[in-house]
Structures are given as structure tokens and as C-alpha cells.
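Listed below are the structures to be examined.
Both of the next two complexes hold chain A, though its partner changes from chain B to chain C.
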Partner chain A sequence: MSRYLKLVHMEIHRFRYILAALMCIIAIFQITGLIRFLLRELGHRELVNDQYTLKPLSFAWTIFNTQRWFIAPMLICIAVLAIYVFLIWYRDWVGRSTFMYRLLMLPTARLHIYLAKMTAIFLFVLSMLSFQMFLLVVENIIYKLIVPADLRVDSFFSEIINSNQALEILWPHNFEQFLYVYGLGFLVIIVIFTAILLERCYRGIGILYGIVYIAACILLYILSYSLLDSYESYLYPSEMYAAVMSVCGVILICSFLLSFRLLSKKITV
Partner chain B sequence: MLNGVTFTAEKGQITCLIGINGAGKTTIMKAIMGLTPLKSGSIQIDGQPLSKGIYEKVAFVPDHLTMPLGMRLSEGIQFMQDFYASWNCERSSELMSFFKLNPKERIGNLSKGTAAKYSLLMGLSQDTDYVLMDEPFSGIDMFSRESIAEVFSSQLVEGRGVLLTTHEINDMEHLFDKAVLLQDGIVHKSFDCEEMRISEGKSVIDVMREVYQS
Partner chain C sequence: MKRYLFSILFALFAVGGVGIGYIYSSIDHLPKYKLATIQGNPSEGRAIELTGHYLPIMFSDALTVNAEGSRYNYKQNNFRSNVLDSRYWFLDDVNVQQLITENRQFMRGKVDRGGLYNDEKWLIYADNTRYEQSGDSKSEVALYVSVLNKKLNKIDEYEFELNGENNLYYIVSDVQLIEDQIHILVTKAFIDGAPDHLFDYIVDLSSGLLKSSNPLIVNDSDSVNDPKEDIVHHLSTLTDSKSIAPSDYILITEHVEKVTSRDNENSYASQLIKTKYYSYSYKTGEILQLPVTGGGISIPIFADNVLTKVVFYEKEITVTSYNLVTEEFKSNEPVITAGSLGVTSIENSILEDNRLYVLSERGSTPVAATIDISTGEVLYIGEVVYDGPDSEAKDAMEKLHLMNIRINR
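Let's look at the complex of A and B:
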């Protein structure tokens, strides 16, 4: 196994408890919300007992009515992930054990340390997405167990996704959108990583450098977007999209190059 | 800040960097290991400038733990084995029993003395030509000091170049072949300990008193 993969494995091994805890939180929230809604709805239907005015209970309708039970754990996950983006670097510097000593002394390119941390975050997100997909299957089974067959109506997967705001964000409608949403998230993490490394290399003044770097990247992105928008009569939407992607590409390459340089030439423990 | 520091540490010798706190001992160690970038000057290992290959040639034992506290001792060893081609499994097992370490124990639960032994194990289990040790005797009990000192006179360091830093040389100076005295980032004096004893009748501590109390 290459040293890069070993580092990725180690990073995943280190966040396994956090990941498991988040998965538990998501499952508890969503299943609780689902059962609560179904029981209430069935109770209500029993009281009304009018088979002509009440529509059958679809899974998509159930998911629509439990939105806040999806959004709350999603916000918790985003918050934890945001903290973890910082923690993945700082935990190796701060505390009784400075693991960064060991990482920087490994007989492997320091670039691997950076890429392993980035890959770990990426896998973290993908794991959560896959888990959510798996959870929907489990929730569908629970729905079928609770709701009598004569009250059920089947739903398409797209219907389920469209019925819930949280799921709509997690699974964009097309691949282009998926690439844009997750690519942008990935870019934000890369920019933050660069800012963290700036702080680690220059300490006090590095905080300022980091903030300035993040602000410059945001400004560049917003400027490119707004400038292109003002000339929309000259550009097709696909050209505008490509131009914004190019700006993102420039930010990505600059951040990568700067990070690698800092890691190999400037970093101190 | 280091300024004009020049010295050599040779294979088969134990060289001790001596200096009071803040003299620049740890900075030198970190610079050798590429953990502190140099503004000028150069460090050479066997006549070659520093490169990535250094980490297979030089082992570093810092004065604190460098593995995640949640790891077990055995996991830490596995980690080293995974990354270092120079890792010697037989030696690491020998040192585990010599230092009476429990492989199932978590690194975060180790006492200062045991942590020092574990760090030493991590360094000495690599088949490297040189071993750097930063304050290996600092803040540990008498028995841990004794068992660590035993390592210096054993075959574990035979033929290797050992460079260690310390400011506590009481009872330990007989272990050193060469001493380099640092003050404010400058090499104040560098000498052969045995020669100093024979020619001038002075111990390392006597020379330290002359340098630091003058």
C-alpha cells in the first residue's frame, strides 16, 4: 500500500468515532421524526375515518412532513465538519502530543500529508451521503411496517428527494449541479487549508495572512460571478458557467501550490 | 535564533549538545530534521546536503510524545513499521521487554518516564546511522534515567552516531565522547570529553561552570 493510502487510512481511523456518532444522530433524528409523524397521521386518519376524502399516505409525503427532522441533524453535521476541517490540522500541533512532528518526519513527500487530510474530509462527506441513502431505504421499510398496505402508495426516488429541502441540497438534480455544489465545497476546504497553513507558518501575522487570503478568494469568486452576470447578453449561460469554473480552477491551483510550498519550505513545529 | 553554529557529530560517538534553557539545542535538532527551515547555512549528513532520504538515515527522539494519545503502544509501533523501511521489528520487541512496556496501553496514559522510554524505543528501533535525542533525561525519575542510560552503553547505539541535547548532565557525563557547549545560539566550545579530562583534568561540568558562570 502506498504511503499516501496509509495516511488516508490513518486519518479515517482517527475520525471513525465522530463519523459513527454523527450517523447515530442522523438516524435517531430521522427515524424518530418518521415514526412520530406516521403514528400521529394514522391516529388522525382513524379519528376521521373517511376513506373518500383522505388520500393514501405516500413515503414522499411522509418525508415532506418530517423536513425539520432532516434539517436539524444536517446542520449538526455541517457544524461538526466545519470544526473538523480545522481540527484535522490543529489536533496534530496542539496538546501533550505533537503528532505533526512525526508526520513531517515521515520518509514520504509532505504533499501526501496534505492530500491525505483532504481525501479524508472528502470521504467523510461521501460517507455521510451514502449513509443518508442507506437510511432512506431503512426508513422506507419502517414506513411499510407501520402503514397498512391499503393506505400506502408507492413513491419514486426523485419524488422523495424533491419533497425534502435537505435531501434536495444533498443530491442535486443533475451531475453538473452536483459537480458545482460539491466542487465549490471542496474549493472552500482547500482555501481554508491554505489559510491554516499560512497561520501555522507565520503564527501571529499568519492569522492576518490567512484572513486576507480567504477574503481575496471570496472576492475573486464574487467579482467573476457579478462581472460575467452584467455581460450576460454577450455570453451563453454555459459560457458563463465555464468562465466561473475557470476562476474556481485558478483559485484551486493557487491554493494547492501555495499550500505545498508552505508545507515543504516554511512549516515549523 | 542560531548564529554561526558549526560542529560535527561522528558515527560511533556520543556527542552531547549542552546549554542552558533557550541556548538553541532543540532548534538545532529541529533544523537537522527539517522541522525548522534554515535562513542560511547548511547541514550535511555524511557529506550530503539534507534531502528526503534523511528520514531513513537519521532517527529523532523528541523530548515529548509524537504519536496520537488515543493510540495503543502497539498501534504506534505498527505505524512506524508501515512507514519506515529501516524499522527493525526484532529490536522493537526487545526494547518493549527491556523497558517493560505494555503494548496494549494507550499512549495518553503513559507517565513521563514511560513516555520517554517509548520515544526512545521509537528512535532506536530504526536501523539508522544516526540518532538524535532531545533531552532524553529531562523530568524523569531516577530508575527511568538509569534504564535509559543503560541503553547508551549497550550495543543498541554501537557504531551509530548519537547526538543528544541535555542541560542535566549530572551522573551522565561519563557517557559522552564529545561535548558542544552552546550559549545564545552560538557554539561556545567544542571538545573531546576524555581529552579534556586527561589534558586539563576538567570534567564537562567544570567546563560548563567556566563558560556559563564567567
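Let's look at the complex of A and C:
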């Protein structure tokens, strides 16, 4: 266990500067967009002060009008993390003294290497979500500092999330839905990890194996999902749900077992 | 340990941040409401659910209010609930759920309540299936019948070919078993607005052979389309509200509409001119026009051989009823008025199991009431209240808009 935690620490440590840079990019973009909009909006309200009766300025309305300033850095982060899903493995094979050689020679189960990388990606994704939530609190404080009390009105948390198209997707209102969305995301990462290990084990032909494996998992998932779309499905809804969950479970277990076997018996450096 | 301090804090931040976010979102919730009893027996209002929207400055959130409290849709929706809600129009029916419990295998793949018939000995299902063929204007349509003998636990299945032209579609409206003959009432509807046709397909129970397909001629002289006037006739059926149980009759509703504007052959806007009701007897094949006519915002219910039409206006609700067996006719009898309920206006109502459930408004406050339709006695009155500090009540109630009422037992 301690060896696994040390490997997780190592993975986090290696990525810390990139993570910090991503968080800075998000903060700069969003806060800049927020302040720009608020100053412009307040200026506009001063101009039309007595001519129209304007609705109070809510934080949710502010978020709604700064969509691009919020979505653009989120997309950058998602792209970087998606690339790192591959790089977290491939960077260990780069260079003259291949780092993966040293990892595989460690007096620890090779399973821990796999689990540590998976845990690291898991924590990176959650940390970006947590940072976004923290940033919303900070932005709310900035909003209250800029907008006078008589011009502002409170927003519910659900309104704030609904105001931004990206937040609606990334932060499901229902915690159970959060588990489904991010559970599916991590299942995808696990399948990609397995494909990467196939490529690393079998090199040239391994690319084909990896692609075939990913295609097979996608096909299996789509077949199970097609059960849900069928109007006259033979299965009852509870059975359909159980079938989809079972297929996801089968994909997860097969990916784990295959990955562990490749790491234990087949991997080459 | 100091070496790992950053990673430990980072992991705590990652996991804790998400947890705190969801805890906060559950605390910072939209306003809570509930349906509070102000008069009568609370048990008569327990099944009432009022649906509508909460409208703050931005976005509306759909919600349901009942005696237990309020539920917002956005908080309930997830993958599991969406999957479990599939085919809800069929699977949420109490009678269908009972059939599934008793005959799970037979009920697989069944989707239409109107195609079911159930008695002590037989369970029958009928539906139509279209087999598409590319490039042809005609596809194969079959009437499919499945019969379960409950005592022998034996299933027989039959298929009969129907006209498969692409400009029409079939709806199985009702299935009855009369003296060992399965009657399947099918509506043949045209996409381009040509008059609908009703057919009674009769299948012999013992042999499974299609004996006849009898067209139901509904008031023929009025049903011919006048091209100059561009009148369309739509037929729909009204089955017994306990539709899976045996019934000797089915009601036919004829809506006569005048087309006011037409985009193309299949797309048009129309205005309702009149509504007529007919009864069809499966035993005798007789079609009779009923003295009940259309008008107002009404909810027709057919139960135990009685057609009851509840018409609600802003200030009162009236009931018209006709008994097919005794031919007793009661026209526009007032059941309840807004004044007697102590409300400003009546918004909506539904009739179920001899109870009239009414949604009304007292100022801007939604009020629900339960009335015994046979006696007119008010059994329950409840009003929606804000479940929170009094200082926020006025603002919360102004943003609440409840428009529909339903019963959830």
C-alpha cells in the first residue's frame, strides 16, 4: 500500500507544474472575463439610469454572459488532460535511460504502477473540478465587491451551474449522475490504458491490437445502449439498466485483467 | 511525511472539493413548498400532485408539489431514473404492473395499454407492426395478436396482413373478447387529413382465424369531406377507464374541424367546429349517437358503461353524463363553483374513481380540492404554502406557477 501511495505521489509531483499552469489559465481567463463584463454592464446601467427600469444584476446572469471566457480555458484543460492520459505512459519510455525500466524493476507489484497512474489521472480531473468550484466562490466575492448592493441579487447554486453550458455538463446537479458521467469517463481512460499497454507490449502490431480492443469495447457499449432506445424492448427498464451496468462492469474487469497480465508477463522496455 | 504533504493536501483538495460542492448544492436549494390541508380529510389529498415551474430571474425549474413537500426535476434526473422511466405511459399503470407481476414473460415487449384485454381466463394483446421496405411506397403492416390461456399457461400467436401504404398508420384502440371472438378495434388514420376509419377485426379464439373486418360507419352523411370547405374529421376512441377489463362498449369521439391554414398536404392548422360522441356495441355491432356533445374545456371519462364529461370554466365545473345501459342523461349539472371553494378561479381538474380533483387559485396561491362527483361534497381543500421563513414567503410564492394536477397513488 505504501509503495502504491509513493507511486501516486511521484505521478502527482511530476505533473504539478502543468496542473498549476492550467489552474492559472482558468483563473486568469474567468476573472478577466467577469471583471470586463461587470464593468461594462455597470457603465451601461449608469448611462441608461433613469430611462429604463433594469432588472437587478445577478451572478448567474454574469456567468451567462461570459460563456467563452469560461468555456475556452476549460477546453484547454480537458485537451491537456486527454493528451496526458497517453503521455503518462509514453513519457516513461522516452529518453536514453528509460524510466519505465526502473519502474518495472521496483520491488513492488507492477499492478501498483498501473493503479498509481490511474489514481493520478482520477485526482487530476477531480482537482480541476474542485478548483473550478473554488473559483466560483472567489468570482462571487469579486462580483459582490464590484456590484453595489442595491443593483445585485443573489443566485441559487443551481442557477449558477445552469448559466454556463460547460458547467452544466461538467457538474451534474444530481450526485448519482455525477457518478455515472465520471464513471463512464474513467472507464474510457481504463480502456485507453489497456490499448496503450497492448501497443507497448507488441509494438507495431500492438497498435492494431489496441485499436481493435477500443473498437470492441465501443461496439459492446453501443450494443448495450441500443437496448435503451428500443421502443418495444424485450427487457423491462430495470433489466435494461442492469444490462448496461453489467456490460460496463465486464469492460472494466476485462480491461483490468488484460492490463495486469500485460504488465506482469508481456511488457517490454 | 513532509515529502508527501503536498500530495496529501492535493488529494484532499481534489476529493474534498467535489464533496463539499455537492453538500453545498444540497443546502443551497431552491425554495421548498408543500400542499397543506386547510379543510377536510387529509387522506383525500394525499395522492394529489401539482406540477408547474419555479421562475426566478433566469431559467425555470420544473417541480412537483404534494402533501409531503416539493421535488425539483433537475435534482431527480439521472441515467438510472431516465432508464427506469422508459415506456412510463404503459409501465406506470397500476393494472399493467399487476399483469407484469402475474405474467412477466407474456408481458415482455408490450407497449400499448389499448391493446390489452384481461379476464380470469385469458390475457390478450394486439398491436400492429410495420416492416419497412426501402424504395417502395408500400410497406408490410401486420396485425399481431398474442393470446395467453392462464389456466394452461399456453401462448398462441397470430399475424394478419394489413394495407401497408405509407400515407396511413394504424392504432389498436381496444381489444375485447365477446363469446369466444376477439374484437380488435383499429383506427386507420391518414397523414394527409383524410377521414379516419375504424375497423373491428374479429378473430376466432379457438382457431386463430381472422373471421371478418367490419368498418364502423360513424354518421356517414356528415363524414364526407367537402373539398371547398376543407373540413377534416378525426375519430378517436374512448375506452373504459379500467381499459384492460372486459367491456361490451367502446365510445367513439368525432371531432369535426375546419382547416384554417395549410402548409402542405400533411401539415395544417384547424379549428374545432363540433364534437360528437357515439357508442359501439361489440355484441350487436350497433353504433348510436349519444346526446352528449362537445364544448368548453372538458375531460370525458368512460367507466362502468357511463360517459361522464366534466366541463370546467373559470368559475364553475359542470358534469354531463349518459348511461349506455339505462339511457339516463344528465346535462350540465353544476358540481362545484369557485365561490363554494373559496377561490378566485378554477384552473384545471381531473376525474378519477368517482373523485373530481380540482386545481384552482386564490389570488396567486394554488389551491387543490377533492370533490365526490356523485354527491358534490367537498372532501378536501389544501393550499400550497412556502416551507421556509415568512420573510421570504411572498417572493417565493410569486415565482411559483403550478398549472397541472395529477393523481399519484
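Everything that follows uses one rule, which is that the second predicted complex is superposed on the first by the 254 of 269 C-alpha atoms of A that agree within 3 Å, B and C clash if a C-alpha of one lies under 4 Å from a C-alpha of the other, contacts with A are read in each partner's own complex, and residues count from 1 in each chain.
Here is the rule we use: contacts are C-beta pairs under 8 Å (C-beta built on N, C-alpha and C of every residue); 3 or more make two chains touch, one makes a residue touch a chain.
Keep in mind it's a predicted model, so treat the numbers as computed, not measured.
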item: Superposed partners chain B and chain C on chain A - clash or fit; value: fit
item: First (chain B), second (chain C), both or neither touched by A:Leu104; value: first
item: First (chain B), second (chain C), both or neither touched by A:Gly204; value: neither
item: First, second, both or neither for A:Leu123, with chain B first and chain C second; value: second
item: Touched partner set for A:Pro172, first chain B, second chain C, both or neither; value: second
item: Of chain B and chain C, the chain that contacts the larger number of chain A residues; value: C
item: Partner chain(s) touched by A:Arg3 [first = chain B, second = chain C, both, neither]; value: first
item: Minimum C-alpha spacing, chains overlaid - chain B and chain C, in Å; value: 10
item: Chain B/chain C common contact set on chain A; value: 6
item: Footprint of chain B on chain A - complex, ascending; value: 3, 6, 10, 14, 95-99, 101-102, 104-109, 265-269
item: Chain A-facing residues of chain C, complex; value: 3-4, 6-7, 10-11, 13-18, 20-22, 24-25, 28-30, 56-59, 61, 72, 74-80, 83-87, 91, 100, 108-109, 111
item: Sites on chain B touched by chain A in the complex; value: 30, 33-37, 52-53, 55-56, 60, 62, 64-70, 79, 82-85, 107-108
item: Chain C-touching residues of chain A, taken from the complex the two chains share; value: 5-6, 8-9, 12-13, 16, 55-56, 58, 60-61, 64, 123-124, 126-127, 129-131, 133-134, 153, 155-159, 161-163, 171-178, 180, 228, 231-238, 240-241, 244
